[in-house]
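Which chain is which? They are A, B, C, D, E, F, G and H, in the order written, and residues in each are numbered from 1.
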Amino acid sequence: MRRDHVRDLLRQVADGSLDAGAALDALAFEPAESLGFATIDHHRSLRQGFPEVVYGAGKTPAQIVEIGERIAGRGDALLVTRLSGDAATVLANALPGIQLNALGRTAYLPGREPPLPGTGTVAVVTAGTSDLPVAEEAAVTLDALGNCAARVTDVGVAGIHRVLAHREELTTAAVVIVIAGMDGALPSVVGGLVSAPVIAVPTSVGYGASFSGLAPLLTMLNSCAAGVTVVNIDNGFGAAVAASRITHG
Amino acid sequence: MRRDHVRDLLRQVADGSLDAGAALDALAFEPAESLGFATIDHHRSLRQGFPEVVYGAGKTPAQIVEIGERIAGRGDALLVTRLSGDAATVLANALPGIQLNALGRTAYLPGREPPLPGTGTVAVVTAGTSDLPVAEEAAVTLDALGNCAARVTDVGVAGIHRVLAHREELTTAAVVIVIAGMDGALPSVVGGLVSAPVIAVPTSVGYGASFSGLAPLLTMLNSCAAGVTVVNIDNGFGAAVAASRITHG
Amino acid sequence: MRRDHVRDLLRQVADGSLDAGAALDALAFEPAESLGFATIDHHRSLRQGFPEVVYGAGKTPAQIVEIGERIAGRGDALLVTRLSGDAATVLANALPGIQLNALGRTAYLPGREPPLPGTGTVAVVTAGTSDLPVAEEAAVTLDALGNCAARVTDVGVAGIHRVLAHREELTTAAVVIVIAGMDGALPSVVGGLVSAPVIAVPTSVGYGASFSGLAPLLTMLNSCAAGVTVVNIDNGFGAAVAASRITHG
Amino acid sequence: MRRDHVRDLLRQVADGSLDAGAALDALAFEPAESLGFATIDHHRSLRQGFPEVVYGAGKTPAQIVEIGERIAGRGDALLVTRLSGDAATVLANALPGIQLNALGRTAYLPGREPPLPGTGTVAVVTAGTSDLPVAEEAAVTLDALGNCAARVTDVGVAGIHRVLAHREELTTAAVVIVIAGMDGALPSVVGGLVSAPVIAVPTSVGYGASFSGLAPLLTMLNSCAAGVTVVNIDNGFGAAVAASRITHG
Amino acid sequence: MRRDHVRDLLRQVADGSLDAGAALDALAFEPAESLGFATIDHHRSLRQGFPEVVYGAGKTPAQIVEIGERIAGRGDALLVTRLSGDAATVLANALPGIQLNALGRTAYLPGREPPLPGTGTVAVVTAGTSDLPVAEEAAVTLDALGNCAARVTDVGVAGIHRVLAHREELTTAAVVIVIAGMDGALPSVVGGLVSAPVIAVPTSVGYGASFSGLAPLLTMLNSCAAGVTVVNIDNGFGAAVAASRITHG
Amino acid sequence: MRRDHVRDLLRQVADGSLDAGAALDALAFEPAESLGFATIDHHRSLRQGFPEVVYGAGKTPAQIVEIGERIAGRGDALLVTRLSGDAATVLANALPGIQLNALGRTAYLPGREPPLPGTGTVAVVTAGTSDLPVAEEAAVTLDALGNCAARVTDVGVAGIHRVLAHREELTTAAVVIVIAGMDGALPSVVGGLVSAPVIAVPTSVGYGASFSGLAPLLTMLNSCAAGVTVVNIDNGFGAAVAASRITHG
Amino acid sequence: MRRDHVRDLLRQVADGSLDAGAALDALAFEPAESLGFATIDHHRSLRQGFPEVVYGAGKTPAQIVEIGERIAGRGDALLVTRLSGDAATVLANALPGIQLNALGRTAYLPGREPPLPGTGTVAVVTAGTSDLPVAEEAAVTLDALGNCAARVTDVGVAGIHRVLAHREELTTAAVVIVIAGMDGALPSVVGGLVSAPVIAVPTSVGYGASFSGLAPLLTMLNSCAAGVTVVNIDNGFGAAVAASRITHG
Amino acid sequence: MRRDHVRDLLRQVADGSLDAGAALDALAFEPAESLGFATIDHHRSLRQGFPEVVYGAGKTPAQIVEIGERIAGRGDALLVTRLSGDAATVLANALPGIQLNALGRTAYLPGREPPLPGTGTVAVVTAGTSDLPVAEEAAVTLDALGNCAARVTDVGVAGIHRVLAHREELTTAAVVIVIAGMDGALPSVVGGLVSAPVIAVPTSVGYGASFSGLAPLLTMLNSCAAGVTVVNIDNGFGAAVAASRITHG
């Protein structure tokens, strides 16, 4: 619900064409559709700049399909993340044409209107091959939100020349998403090379004392390159949304 | 050292006017000045878009003064963070005219040239009065980096109307920095209200199970508002640099 | 065993109609029935206001059935929580008419007498769809203990208007149970909206740094809304019992 | 701001006696008074059932006095918690007649009107002498909120007869607050003895592996007595507010 | 190797009947038999008072059988703990007559000579039904080491009369092993009731914030009953050995 | 209150010479004396085999003196642990003749009757000089409880011959208390050398990743020497009480 | 790429035979071969002294085969660690002659040229049978890097004579790798016996409070034997590389 | 005690010139001198290759002086670490000529004979100025153990050219000690540049989520550069001893 819509409502109350109680209902309830087990926020796009996204973990395939059909039925773009293999199969049957990404565990069905394009390229940099699923989740999300993503793959700091070789791509990007597990050191090096915003994503890849991603998470929060920001472990989706908030500023 | 300077160097090597060894030295060593106990990175501004900043914790007043005089002596802007009261006194004597901020524990001496101005306003939002020192550190840093900061103070989510009352300021900001201790819930609410980038800063304020800021840190990393990014506990400086990377994009 | 029963026993000892040793036995042993692997506390209802509940995790289906039959055999209400699918099947065969709730993993067989009714409505509020299993466990327990539960579903703080839209239901409830994973921020907002007791339940839903519910647990313990109390992660049962202690006060 | 006041405002908008913009301002801004460094929520009492309380930690004496004078100046009751010795002295000078509690680190100045009385007694039970400061904070808060508090002191479970000796006081209380450090076992025993709501407060008292109260916090969250709820470490204030929410239901 | 045997060896060196190098070998190597993947310490019994016990976790069935046959082949008693179901089947085929305990996951084959009997009874007390597997491991171990075990089952502190009813058995035991998950409060109550040594065993049973037994572990380490000692989570074997060290003193 | 006293009371009820209510009071209340801020358990000795000990941390000097005078006034032995320097001075003035131990931070005033002597020697073994304060606390406590303590000092495992040199003292002790910080490895070696009970005490001595004693605590809980039990970090008092429970068995 | 190769390149730039841009490419890109999902660092051997090793966890069998074929196709040695059973089968089909080690989960195919031999023997010492998989990973890696490994198996400190019996092998080794789970105490004892470098490897073997290897990790970091260094939990590969860095010094 | 001395002893036993008991004493007791509160291991040098070093933390000045005088009195080198300012003053008075290092908190008095020289240079690399105290502790220790140390200061990875500029010094060192706080990323970059052994030292310098050095500790344990080993937080002494074990191999 756009702000001018709200202003209209209040004016209608002022000129008597709308009852105060009805206005209250309109203001509060309209944009959210209740399915009993879920409340879909159809107007999130207007408020936050991106459509409601379905987080697949902890939802049954049937729930995902029902939510997905409501969103797609309005012509809105549908993006599902953390999709299990089973749910993906069910969803693909229900919504033919939906684009599945097995590595990134996502499903995407474009809306009637294309997303508002962002400004500039978003570089998606990974330290190792094992970080690719998170990078895929980020890339699909970037695409769904109207951004142009550029991949830089497997350039961990133990071979520092590998990342230096990509300096050009890094320094020209509008935003750089850096995904790394194990020591999580790559964002510190990248953050020192570029002046653009750097969003760091720790991954749960690694030996024992990684503690499922706690180690790179702490590394990134303590980055000696100032101005690096961090999202949750394995949260490629969140990093992409953060980047898209910047490219759509 | 600007990129075109590097290109010039390589061309001089190509046309014989510069020896390969000398070029190597020029490339690698020049921008960093060694003081024995510290290596000052005078060219960081060219690489990262902001000047080298002195982190005061763990340095003696004498070390801070020596580093500060070198930076100021070149006409560069000098910003010191985490400055103890003792070091502040010594520094103010050595560099008259330096601007001290006791609450934010910073010292700032503008450079010969003003900083490159950023685009748009950066809102600095705090959940409670106890979060103010971190907000001050952020605000001083934003100012030093050429940004325009707007404060929104003491609007924790337990009085949700307080934050809603500031919706206008929040939705028009280019970037929103949200600083909160205790439950760290404010960034989730703000992240749901605005489409701009939201940078969350956990603070170490709170009762026992805050565990010196661990609680709001985890809250923010798990924010249900997508695209919120996080910096280290009490790190107002880092949040400001991250915001400035965005406003200078 | 009621207090007046105890007083009778002591009087019988005083007038010689009961031997001291027998009285000791009666006092200590009677209310608990031993099955070898378990000691059933048939009189818990008299002491704590609710019947003994069977915690299904870590018990074999056979053990659950045996305990269940003893409780049901006395005409007491039987409530089993954390029931595996296998155990549910076995239990349903043994005790036809028992009510299974697959989502909440509970089984409930009403007793001969209905539970003592509680005063007022207990609102059960969830932040997201993934929190529903915990809400189901709470709702079944509330029902078994004689309470009236009202659901408010999927109203996380990232869409703050969703929770505000339910203000009426929240402010009229006698107790509010708020269930949330990820950032666990919802109880702070609800706690600021209502004057009734608020019981917060963290859930283990979420990305990596949720650490299986540790993040929302800490958030809730540090709630900036005063007077919010917290139960264990995913403990919908405990929250319901706590609410029922209040509605039966 | 009472609900009927809001309804009046909306009616004024409907009959044209109030402009929509002015109504918006009235609704959103009025109840909070801005001091620059703090936003006082004068209407919290109407919303949450208790007045705004000043959390003293992290505020300067001058800030506490300024906030306190504003609250007291309106005739509202003033309660300050976590008050340092220095701030207490300054505050006592500024507001003669304010009641200081050194052990509980509180200051209390009654308002023009007495607090709404709660129903029933709140028992405040401590496991050991070292838990007394937290009990004092709880007791002062209970008093300020219109409750009747009854102390049961030093009845840790290692001498189980000590707590059993107080069974009468415990079973007749409307709410029981149980404060314990070290093993935090007392709430489990009390929770098994009474049918009233039990609010557990872990304290930071204890040997090394107490980890500043983490041990009793975890104990209480895992209480085998169903329906025990928990507040933050050392948070006697929060427990008292939670109890008062119940007694004012 | 008994101490007098060592003295004999040294005397043989002194009178020339044994070469110094051979004595060195005899002293160092003899009691341990190498299987390549394992070094069996046949003389542990002489040193520590109990035979070498095979820890089954992390060993293949074949390795367990090979070690077991060597020990049994010498007529020594064989005790295996943490035995998987698969390994149990293989072991039972290889060593007919071995006693399997499925709940406790142990296998036991008595040696040619009975174990040295301990003095007094060891009470094995559990707080809940889910703690039984750990109690079984303890009981089998106690039996193998020559002790007399007495079970007290399902007497958690939420029903304090249940544990008080067993006061007699508890106060007459030579040692009390108390096994509890969830809040781990039972050892504090028992430790306050008896003067005998109390060994507490935390179990990994419980809701989320039990953190796989961390909660009761910390509870027990912080027990307010002085002189309670603690073993590792789920370590019924270790508790039994500790008890047996006491009963064989 | 001895068990036979209780039996007498019950007989008096049976023969009418005592009213049931008076018996109830006698049973429950008599042994605990209330000071308002503390409840002294004068009969703990009969129940647990050692007198009530005053834990000095978190108590004011005045409180300690008041409790101490009550205990000493009855002729009971008085032991205070975790005594600050200030409190020690005040206590020594109030109770001349009390024995202060500055290193162990204890005060001890023998009772009218000597403690019941324990059987055998208790070895108190330390890994390093920095562990001595904990050893002193243990030794004073052992002495107060009627035990004979033997010190073995500074025999850490990095010089394994140092501990082997004390084999004789270790193998002849009735109980061995092993105190170690840093790696906490000593109890594993000692536990492998002796058949007596071994009680391990982790200390908070060490470099950063000791985490204030967490490292040796975990080491000791995971000891590869079966039957080693553990008490809280720096808890020399608890280890001594545990040892005394064994020597008085 | 050897250093002299780089010097040649720069000289070619100086004499005009190579264009500056081409030189830049040659320097940065050549040694790394991009497969899209991975960037193979063929020249790592020149820089770090050992060939690129493939970490199998988190890679699909197909990815492992493709990387493996590229490396083997150049005649370089191929070592794969953390290889799942499935991937091992696929890899063995693709590269006949590759040596699989099921216990250590490695695959190794020697290169055209043997590895540069290291100086001296590397002792690989394990505390228990369950530590063998990590020891195998270390031993295969040592072999692949040209080292001579000597095994000392199952010599935990609870039987201190077992490790003392191997003193000769330990004191003559050039480097000692000590692998231990549970209490992780063995490196402290070994570190006190030898003057050679000691590399400690914690393993995830053990009861609950091992916390998947955290306990021995902390033990080893706090070793009272000075100069012991530590690698990640279960990281036999890393320990072997560290040892090989020493033997090739 | 050298190995040949032991062989002599055993031969004397064999030829009857020495009694077995006397030999036992000689073997076990001689090299350790007992001071009551400490056991000095005068022969550690023969066993481990470096003299006993006095860890000053947790020892009184008087204890340090007494131990120091014993060691110096034998003409052995004396090295004290973690020396408080007070203890340094007392020690300097007692042992004139001792070399104090205030930044590194060490004291060093050379022995009669110079230390055995190590082979090659040990590079001591720091990421920031705040890491210098740890570097000083390492450098003093390296010197005391006969090594040649070379400093490389303030070359954190956020300015990657700073570390690359020192490539020459790094690649020619026999061992590289890398000291870093905050993100602890430097060892990963250095480990990728050199083939020599790399020993990483995390420091406790940094913002909140460094958790006193836990963050860089985990980073280093998870280093993506294979073969990096790690010592305890702030443990410059341990790193130096580890390096010296290598240079004296």
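The definition used in the following text is that contacts are C-beta pairs under 8 Å (C-beta built on N, C-alpha and C of every residue); 3 or more make two chains touch, one makes a residue touch a chain.
Everything quoted here is computed from the prediction, not taken from an experiment.
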Chain labels contacting chain E and also chain H: F, G
Distance-maximising chain from chain G - centres being C-alpha averages: D
Whole-Å separation of chain centres (CA-atom averages), chain C against chain E: 37
Computed distance of Cα centres, chain D from chain C, in Å: 26
Chain C-chain H separation of Cα centroids, rounded to whole Å: 58
Two or more partner chains touched - positions in chain B: 47-48, 128, 159, 164, 191-193, 207, 209-210, 214, 217, 221-222, 225-226, 232-233, 238
Residue ranges of chain D in contact with chain C within the complex: 47-50, 53, 120, 174-175, 191-199, 217, 221-222, 225-233, 237-239, 241-242, 244-246, 248-249
Complex contacts: residues of chain H adjacent to chain A: 127-128, 156-160, 164, 181-185, 188-189, 191-193, 206-207, 209-211, 214-216, 218-226
For the chain G and chain E complex, residues of the former touching the latter: 128-130, 132, 153-155, 159, 161-162, 164-165, 205, 207-210
Interfacial residue positions of chain D with respect to chain B in the complex: 27-29, 31-32, 34, 36-39, 41, 44, 47, 55, 57-59, 63, 202, 204, 212-214, 217, 232-235, 238
